[in-house]
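Next, two complexes with subunit A in common: one pairs it with subunit B, the other with subunit C.
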Partner chain A sequence: MTSTTAPPRRASRPAVAGRRTRRLARTGFIAALPFLAPALAAYLVFVVGPTVESIRLSFFEWSGFQGAPQEFVGVKNYVRIFTQDPVFWTAFSNTLVWVVLSLFIPLGLGLVLALALNRPLFGRNVFRSMFYIPGVLAPIAIANMWRWMYNPNYGVGVTLAELFNLPWLAEIQWLGDKNLALYSIFAAFVWQIAGTNMVLFLAGLQSVSPEHVEAARLDGANAWQVFWNVTFPALRPTTVVVLVLTIINSIKVFDLIVGMTGGGPAQGTQVLALWSFQQSFTNHEYGMGNAIATVLLVITLLIVVPYMVWTARQEKNS
Partner chain B sequence: MRALPKVVALSTAGLLVATLGGCASSGDADGKTTITWFKLTETADSANATIDEIVADFEQANPDISVKVEERAVDAHKDALRTTLGTSGAPDVFFSWAGPGLGGEFIDAGASLDLEKYYEQYDWSKRFSETTMSTVTQYGGYDGVPYTQRTEAVFYNKDLFAQAGITAAPTSYDELVADAKALKAAGITPIEFGGTVNWHVMRLLDSLLETECGADTYQDLVTEEASWADESCVTDTYTEFATWTSEYLNPGFISINNDESSSLFYSGKAAMAIEGDWFNQVVRDNGMDESTVGIFAFPTGTDRIYGFNENNYISANSKHPDAAAKFLDYLTSDEAQQKFIATFGSRSVNVDVLPEGQSDFDAQWNPIVEAAKGVYMNNDQNLSLAETTEYWRIQNLVATGELDPADAGSEFQKFIDQE
Partner chain C sequence: MSLSTVPPAAAVALEPGRPGLRRSRGGSKDYVRIGLWIALLLAVLIWSVPLVFMIFTSLKSEADIFGTPAFVPPWSPEWGNYVEAIDRGNLLGAGANSLIIAMFKVPIGLFISAAAAFALSRLRFKRQRLLMGVIALGAMVPIQVAIAPLFQVIMGLNLLSTHLGIILPYIAFGLPYQTFILYGFFRQIPEEIDESARMDGAGNWRLFFQIILPLSKPALAALFILDFVSTWNEYSIALALLQSQESWTIPLALQGFQSQFTSSYGPLNAFTIMSVFPVLIVYLMFQRYFVEGAFAGAVKG
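== the complex of A and B ==
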């Protein structure tokens, strides 16, 4: 006899999967919480807390001493830095120049080095070490070294000028010429950071499928076509990481400027991070210093967040 | 295996207890009081040795007190004070420049203990001169104990002067300029400065300001009773400064520090340097023949000498002010000051301690100091910290040709008006 009752209704597969995922997610998150908590607590205390406090202080006037009062001044500090501070816009433009140059030169150089040292090569490991070592040196040590190299009396330029009879080389004021000093410091930055980028790209290159590369070659692709159509797309996750790290490191550049010029000559190599520090700790203007730091934070977020969102969307679409 | 975590936990707890015990406040260990003294690292090694000796002598005479000296370079010392004063990490005693712009910030922030009771207890008012006491009482109470009274002048290499045909030290500004020209014509760098430490080149600018403006206008300018934009002597000052920096200073001065530039003086590559009485020992320590070095006051045409005072202060929240005061009493005593001025400079802050057995080189300071009727102070001590930063920026813009000297005064006044 044919049954006339409808079979028991079964929940649709996507709905079951959704509830199961949410249950698993809740279970997974709760299970992970004890492991996340210490790092999360440290992050809140040492990163989020000081950031919030810094933003708060940007609306006050304060000399920085424990017993001194903090006077609420509203947006006065921001008005001062944007309209009255004779150094702010120099620091702002120098920071942007530094970021833009960082996106092309040390990043590009790191990629080129990684591509060159990813293939079998005699002494490959020695070369990799040579290029990476600057990345583990203390920035202030690098600053001191390059400052001596640029010394107008005893530096490399002066020595080479004497050796090869090039008097014009001895006259170049690498750190004394306002039009040249920032780029002289940037050269030291490239030397410091290119090796680190190289290591990151080398790690990313290990995930490029050799079969895809082989297939592209068999299809007649030349080296550039293989790189652009196979290698570079596969490096996208690594490129995001390197790009974000490069932007963040370049926006907060500090040590090299302090060690090589102190922001001079005549504040010509001043950058936002250092100017923020000097306003707070040298001039005892903590409100102004934190206003500059907040501007720096906003610039960083404006650059990094849209890029990461765009990249995430690209990955989701692909 | 279960015992291992317990062992680790116990060991960690033990380590924490030991560490925290070691972090106990100064002076609690073995009943001995330890006071901390933040000061500058002296430029001359022998001066550092003298300080060590004075501290050792005090500790021997006071076995219940230990003095922990922490020395730093100029800018690092300023940073250490800013970040520790008013906190539990503050030293018991700290060195600071006595000028109202530089040292006054710490006083205004309440970082200094009023020492009136110690001045009475040790009768210090009689120990120090009127000039040095004025730096103590300038804020209304008794802040600090005089440490040094620094005089600055021009050191010159007699051999290089002779090489350029100069037979005597200049006694007027015009003669000084003529000497600089003669030195340059002889292929000798007339004067050396390190531009990355802005306070070094500032010494030239301040001296030119005194020369062009005179004592009264100089004081009016630094106390903001006169306008930098309106006084014509300010433009004259910056014009002269631009000439010196483009013609007579060591090439590339703007990108080296004072240690690097001073090496040019020690090695006979630069003829002059504007330094202070501490530099005598530095010259000796760097192997120069002191008989070849002369000293003359920058010929400003006024009767004031370039200089500044340095004091030691007791922190407002020091836990051991009595011990700190006892140490400062010893430091400024006849016995300690006699050792002190042998390596530190020509004059003691203690009026009863007179230079004895001086070398001819050190004795060159005596007529300079005796001829002076007053002091014009380094402007990084006169001006507020923010104004000093701007003063240096404009100084360097003029020095590098980026700012017309005629605009320098008004640029600085604009900043002062915004403060």
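== the complex of A and C ==
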């Protein structure tokens, strides 16, 4: 579309009103500028600028205090986080575990719920709502709810332990056990996000043609065959979107962890987004914090850019 | 959607189920359906445990919390927990901050996004698709990537702990997603409408204000509601930029209450309930925008 566009011209003057209808379609950048300027200004100052600055600062050593000197140290911050900072690798592997788990559990659950609730069932809208509601709540509120549920003295575990006479259940330190805490928080994440995935899949399911399903049934396909050969292929675009959204949301998980453990115990629930934040703001290691932020940025771009190019291609082909 | 904890609700308006699903001939299908229904009911019951647990606790006296099992309902509700949460947690002050911020952020941000989306979708200039791509990229990058330098920018402007100092970054971080969604929506409006408007002598501004915006009311309304929810819920930017307690928004106040009164379980749960109350009201009022996914974007791509 841009290839046929003439070089940017001035906005057409009222004097050339006669040619206006043909030319207004391609008014050029100057005419578009008043509409774009506020958005571009805000985007550049508060999003692009700080992101670039974060890359720059990752090559400096700085406490973050104004007036304190910024010392250029080359790639030293990166060497430090990769070789001398055990917390970085804990955070890295926790983030990775989080991403991989969320590609299976909340995504699969969302798909199953969508398939079940796409049928006419009594009370279907109530069901949908109940699964979806956690998705509109503030993650920090969810963190507080689940923290209370995991309370080692008065929480749900203790109550169930008494109810079913299972003393070992009362012993579990849901958020206090270094090896368990991450998965306990992840359960809250599943609770929060599964309904969202369900809604996305439900929207995708509307593009599955009932005629195709019917035809497959008449050909004697069973429920599984119908799903695998008809429904699932039609859901592919939706699945890609949900996959990408899931990965992005997992990479930046922050609020839930701050609210439930703050990264502890013993950094057991540390993740990249939080470790970057704490290095900059708590430990006043701006260089290290921004180096971690840059790593996070690179990982995100490696996932997002191919996806966006792919989407743009799809759009062109269609 | 850097700002949103709320998901991009989906594209198409969901039809209420496939019409005319055959009535099962044999009884076996009915059993499957009943089985499915019971399974879903059980799942919903499990899903509601955190909410029920929170509501029960918020209405129990300290003695009841420590003395009765968690799932025994609060037979004699202790409303004092709510009073205590409001008093000690500065709930009203934080609520006012959150409301003021949302009241400015949401309409202004939406308007700016709509203007940008208009230029990107209805005007023609070089490299506009690339520009859209660069803006959309901002929706995917985690906020935490930019947060430390952002803090420096706001400090440089002397706007830490002020309403303006959080409204501006909120607008900026909300732009990419909203512009992207509106871009998709505007492009579905037939070009002939533009042409005939221009024949009548309408310029860009009139086209934008009198034709494109009114035609996009459903998308704008949906984005307005979703954006209100994500602004209300936002935590990490606020954590960095709102340093003084008087400037705290609801999520910060909740977290502050939690760390200050760790074992006041009744008031803490009352606080949590009140903090999500506005969002729940908005959700219940505009349910179809959320669950039925009344607007386009993500899924349609």
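The rule we apply is simple: the second predicted complex is superposed on the first by the 256 of 318 C-alpha atoms of A that agree within 3 Å, B and C clash if a C-alpha of one lies under 4 Å from a C-alpha of the other, contacts with A are read in each partner's own complex, and residues count from 1 in each chain.
Rule of thumb we're sticking to: contacts are C-beta pairs under 8 Å (C-beta built on N, C-alpha and C of every residue); 3 or more make two chains touch, one makes a residue touch a chain.
Values in this document were obtained by computation on a predicted structure and should not be read as measured data.
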Does subunit B (first) or subunit C (second) touch A:281, or do both, or does neither? both
Between subunit B and subunit C, more extensive residue contact with subunit A: C
Just to be sure I read the superposition right, which of the two partners does A:66 touch: subunit B = first, subunit C = second, or both, or neither? both
For A:156, decide between first (touching subunit B), second (touching subunit C), both and neither. second
Touching A:127 in the superposition: subunit B (first), subunit C (second), both, neither? second
Quick one: classify A:183 as touching subunit B (first), subunit C (second), both or neither. neither
Answer with first, second, both or neither: which of subunit B and subunit C does A:82 touch in the superposed model? neither
Check the residue A:296 against both partner chains and state whether it touches subunit B (first), subunit C (second), both, or neither. second
May I ask you to decide whether A:259 touches subunit B, subunit C, both, or neither, giving the answer as first, second, both or neither? second
The intersection of the subunit A residues contacting subunit B with those contacting subunit C is 64, 66, 151, 281
Which positions of subunit A touch subunit B when the two form their complex? 63-68, 80, 84, 86-87, 150-153, 171, 173-176, 178, 181, 261-262, 264-268, 278, 281-285
Subunit B residues within the subunit A interface of the complex: 78-79, 82-83, 85-87, 105-106, 108-111, 195-196, 198, 250-256, 260, 264, 316, 385-386, 389-390, 393-394, 396-397, 399-400, 402-403, 411, 415, 418
Within their complex, subunit C touches subunit A through residues 5-12, 14-15, 17-18, 21, 33, 36-37, 39-40, 43-44, 47-51, 53-54, 57, 65-66, 69-71, 112-113, 115-116, 118-120, 123-129, 133, 135-138, 140-153, 155, 168-169, 171-173, 175-176, 179, 194-195, 198-199, 201, 204, 208, 229, 232-233, 235-236, 239-240, 250-251, 254-255, 258, 265, 268-269, 272, 275-276, 279-280, 283, 287, 290-291, 293, 298-299, 301
Under the definition above, what is the set of subunit A residues touching subunit C in their complex? 1-2, 5, 7-8, 17, 20-21, 24-29, 31-33, 35-36, 38-40, 42-43, 45-51, 53-54, 57, 64, 66, 113, 116-122, 124-142, 144-149, 151, 154-156, 158-159, 162-163, 191, 196, 199-200, 202-204, 206-207, 210, 237-238, 241, 245, 248, 251-252, 254-255, 258-259, 273-274, 276-277, 280-281, 286, 289-290, 293-294, 296-297, 300-301, 304-305, 308, 311-312, 314-315
